[in-house]
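Next up: some structures, all given as structure tokens.
Both of the next two complexes hold subunit A, though its partner changes from subunit B to subunit C.
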Partner chain A sequence: MIGRFFRLAWRQMNVQLQIRIFNRDTLLLFFLQPLVFSAVGMILARAAGNQAPDLVYTVIGSGIMGMWSGLVFTSTYDIGRDRREGVLELIVGSPTPLARVEAIRTFTNVMAGLVSLAAAFLAAMLIFKYSLAGANLPGAFLSLLLILFGMWCIGLFLANFLVWSRLGSPLVDFLELPVAVLCGFMYPLRVLPDWMQAISTVLPIRWALQALDETLSGGRDPALLWMQWALAFGISLLFWGLSRWLDGKVHDRVRVTGELSSI
Partner chain B sequence: MSRAIARGVRLYLTQAWFSYRALYFWNTPFNYLASKFGFPFFAMLLFLFIGKYDGLANPVYIVIGNILLMPSLNGISGVSMAVTDEKRFGTLSYLLGSPAGRAPVFLGRALFPVLDGFMTATVAFPVALLIFHLDLSKTNFWLLLFCILLISFTTSGLGFILGSISLVNRDGWMITSTIAVGLYILVGVNFPVDLLPPFVRIISYGLPMTRGILAARMALAGASWAAVSQLLLGEVIVGIIYTAAGYGLFRLIERRSMVSGALDNL
Partner chain C sequence: MGFGFAVEARLLHKVFTTRSGFWRRKTKTTVAVEDITFRVNRGELFGLLGPNGAGKTTTVKMLSTLLLPSSGTISILGWDAVKQTQEVRKHIGFTFGGARGLYGRLSARDNLRYFAELYGLEPAVTQRRIPELLDLVGLLGRAEDRVETFSSGMQQRLHLARALLHDPDLIFLDEPTVGIDPVGARELRNTVKELIARGKTLLLTTHYMAEAEELCDRIAIVKQGRLVALDTPAALKRSISGDSLIDVQVKKESLPVLREHLARLDGRSSVQVQDTPPFKKISIRTPEPEAVMQLLAPFLNPEFILGLEVRNQTLEDVYVAIIQGEQA
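Entry: the complex of A and B
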């Protein structure tokens, strides 16, 4: 049973990674676009008369942004591509549940996005001499895991939502940058107006990212960190629950109408 | 002679109309607005908050720059798609096999994206006035409108080049998207071009929009036509060069495809 699951996971991840590697848009989403946003941040910092940019937000934040952009595009377009190329029916008709296929795919997409963050960290450390001395490394690691878990849950939710919705492309336009704006990928949340900060509380990445910022700058306040980690984990679970509910709806609808392509 | 010109104009307008219908008629208002204002608006907000965190004295500079960049979305991506989609939907062979003059067929694809881009920026300014309290009290409005129209035209030249490249390169859309994102650094949208390193500045002044955006900013501050005439002339020249290069590239690709007899395998 477990062996079969790992074989399935390995094959799915293999296919998904090959798709990512052969799709050159990955290069744009993981590296080029974050690089542009990071460069704008640096030049704006210089224009404002700052000696040096804030590396956590300007460089590492752009890496998080690359991860997020990659996830939004893959989660929304993978299903659309399956539908367009006539593979969706085959996946739904196979004995492996669609939810499991999506879970493995989304996991692969999130893990592939780590290259963007790794590139940003390397750039910060090698080019700008960013040091992790003084950082709360175990806390930062846990925060990063929660960011990945939050992204996985949101990615699953989006993938399920888009099986029965054709809003893929416009949804990306209203998700990719708005979430980056609301979660404060490239600046601290205090910069946002109060009402925007209030909206961002429903996003698990916001809490995990805040915890990451805290821990990278040496923050060790256990009460604050545990609250942020708990909120990140709890809200992620809510998204996961929503995606499970949507998955049930999708299957019911497919069985009733028998016309997956016309959904 | 006059009949030939009339035929050319009719062909140009017909092509423009068909291309517009192919690109936009299937669209829903939500899709249209999302593609038009989604990424550009939220990118502007992101840069605005980055600027605020950095302590930038004049974040309105970012708002104006991002509004002026909006026509580029149509000019570059729209025109590039109008050319590339002929291949994607299998109509390129019919187009190249027809006896119609190539210039009106090719250039007609830019008309509606240019007008649409112009309208987008023109609508965005009053909206920004309400949200960001732009000071338009000194603005030379006719000059500003002319600058926006000019920017819309000149970016379509870059769109033609990228569209032609996309006909022979399977990563054409990635190249187009990369250049579109690169414009946030290169053409003076979020900060003056002078802040860029000298070698990047040379690239900036070789691109459409750089002079047009500068002229539009001066028009917003109340500059006269005479004060920006050099910039406008430069923008026109750059636009013509890019359009001619795009057309030349298209003809070259067409000739190559005629020799190989493999239009859709380009």
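Entry: the complex of A and C
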């Protein structure tokens, strides 16, 4: 059973990577976009008089922005492509639950997004001579894992939503920037108005990113960090639960409406 | 596998509801399949024929668990297709006509590998089955080529290989030869025959009557979502009539004379005239072809008759008669 799952995961990732390698849009999305965000952030920070731009909100933020954009667009693209090419119907008609395929696919997309982060980080190290001296590295690593987990859970929810509704695609595209703004990818959340900060509390990435900021700035306040990690993890689980609930609805609905192969 | 039928559909009904309009939402319902009942025996090749939009694909999709029926019951190899979906999916294979349903950027082998994982095949089985099936559908030499470089016929054949990966007991083939050249279509028909020889059950939909006549043990004809005929090809042909068909190609100018002459035929024969520029075609359906030939004998010269063919009714004649509602 476990062996079968890993074989499927490996094959699914293989399929996605092979499709992506030949797709210029994906390369732009994962490499160029975070580099542009990163460069703009650093130039703005320098223009504002900071010789060493903020590590989290300029470097990590641009990388995570790239990850998020990649996740949103690949979720939209994968489902749209499979529906358009008639593969979605064949996947649903197989004994493997669509939820499992979506889980692996979203995981691959999130992991592929790490390339963005690495690209942005590399640019910062080489161009701006960043160093991680003084950072709480284990805490930063855990925060990064929680960012990935949060993105995976949201990605799963989006993927199910897109199978469920053909109207989903423009809505999901529309989510890209608002979520980035609300999570404070490229600036501290405290600069946002109170009402926007209140809305952002339902996004797990926001908490994990705050924890990442704390840990990379050398923050070691356990109470604060544990609260942020717990919120990031708990809200991610809520998104995961929501996507599981939606999955059951999706399976029944697409079989009633016959929208699996509709273009 | 247990006993019983491979497919048992009872009073199958499917209604699609579509909504349109932004402010004032309008709901439109379309009955795609209306109370269809039929059974397919194990090891049988069953054909489902009908014009476009008759409900063939909707029926196949309900049988293959991709659509839920609005009402009615479906038993597939003894399992309930609505409630025991996963069991049914493990034991059926299906292809839908056209080139969609494969990853164009992947090779034929990688496409099959992916679907092998979706069907939970053990690595050793996958390794054995893929070359075996690629060989069966004549694509072994193109295994490493990207599918987007394949012709539609090759993609259709690869679809068949995909549908057979997990060695299913029951296979649904929805218009498998659509868009395939005659040689490719013949090869595919041979593959279908081979599958039947191996004891598989097949349900086939097609628009090609000769194909259905050649392959199918029994045929169901659907029209506007309803089952209008179900029998063996021979019995279907007999059910319309045992008449012969005489097609006569005539000059336009000689048509009135011949029509007047053919009016002497008794009520058991029927005459239809078709415009086939620059000539006219008279089709005579008759139980007594000899009598008609005697009647036409004086006109058998190029001034009147340019061509003449006497033939028995084909499945296509039966199909057209049923679909046009002119059952004799």
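Simple rule for what comes next: the second predicted complex is superposed on the first by the 243 of 263 C-alpha atoms of A that agree within 3 Å, B and C clash if a C-alpha of one lies under 4 Å from a C-alpha of the other, contacts with A are read in each partner's own complex, and residues count from 1 in each chain.
We take it that a contact is a pair of C-beta atoms (placed from the backbone, for glycine too) under 8 Å apart; a residue touches a chain by one contact, two chains touch by 3 or more.
What you see is a predicted model, and the numbers here were worked out from it, not measured in a lab.
Could you look at A:Met186 and tell me whether it touches subunit B, subunit C, both or neither (first, second, both, neither)?
Touch status of A:Met186: first partner only.
Have a look at where A:Ile43 lands relative to subunit B and subunit C in the superposition and call it first, second, both or neither.
Only subunit B is touched by A:Ile43; subunit C is not.
I want to verify the contact counts: of subunit B and subunit C, which reaches more residues of subunit A?
It is B that touches the greater number of subunit A residues.
Go through the superposed model and pick first if A:Lys129 touches only subunit B, second if only subunit C, both, or neither.
After superposing on A, A:Lys129 lies clear of both subunit B and subunit C.
Which parts of subunit A are touched by subunit B and by subunit C alike?
none
In their shared complex, at which residues does subunit A touch subunit C?
Listed in rising order, the residues of subunit A that touch subunit C are 4, 7-8, 11-12, 14-15, 18-19, 22, 85-87, 89-96, 101, 252, 255-258, 260-261.
Taking the touch rule as given, give the residues of subunit B at its contact with subunit A in the complex, in rising order.
Residues 30-31, 34-35, 38-39, 42-43, 45-47, 49-57, 171, 173-174, 177-178, 181-182, 184-185, 190-192, 195-196 of subunit B touch subunit A in their complex.
In the complex, go through subunit A and note every residue touching subunit B.
Counting only subunit A, the residues touching subunit B are 24-25, 27-28, 32-33, 36-37, 39-41, 43-50, 53-54, 57-58, 167, 169-171, 173-174, 176-178, 180-181, 186-188, 191-192.
Using the touch definition up top, name the residues of subunit C that touch subunit A in the complex.
My answer: residues 16-17, 58, 61, 64-68, 86, 89-90, 94, 96, 98, 100-106, 110, 113-115, 117-120, 123, 162.
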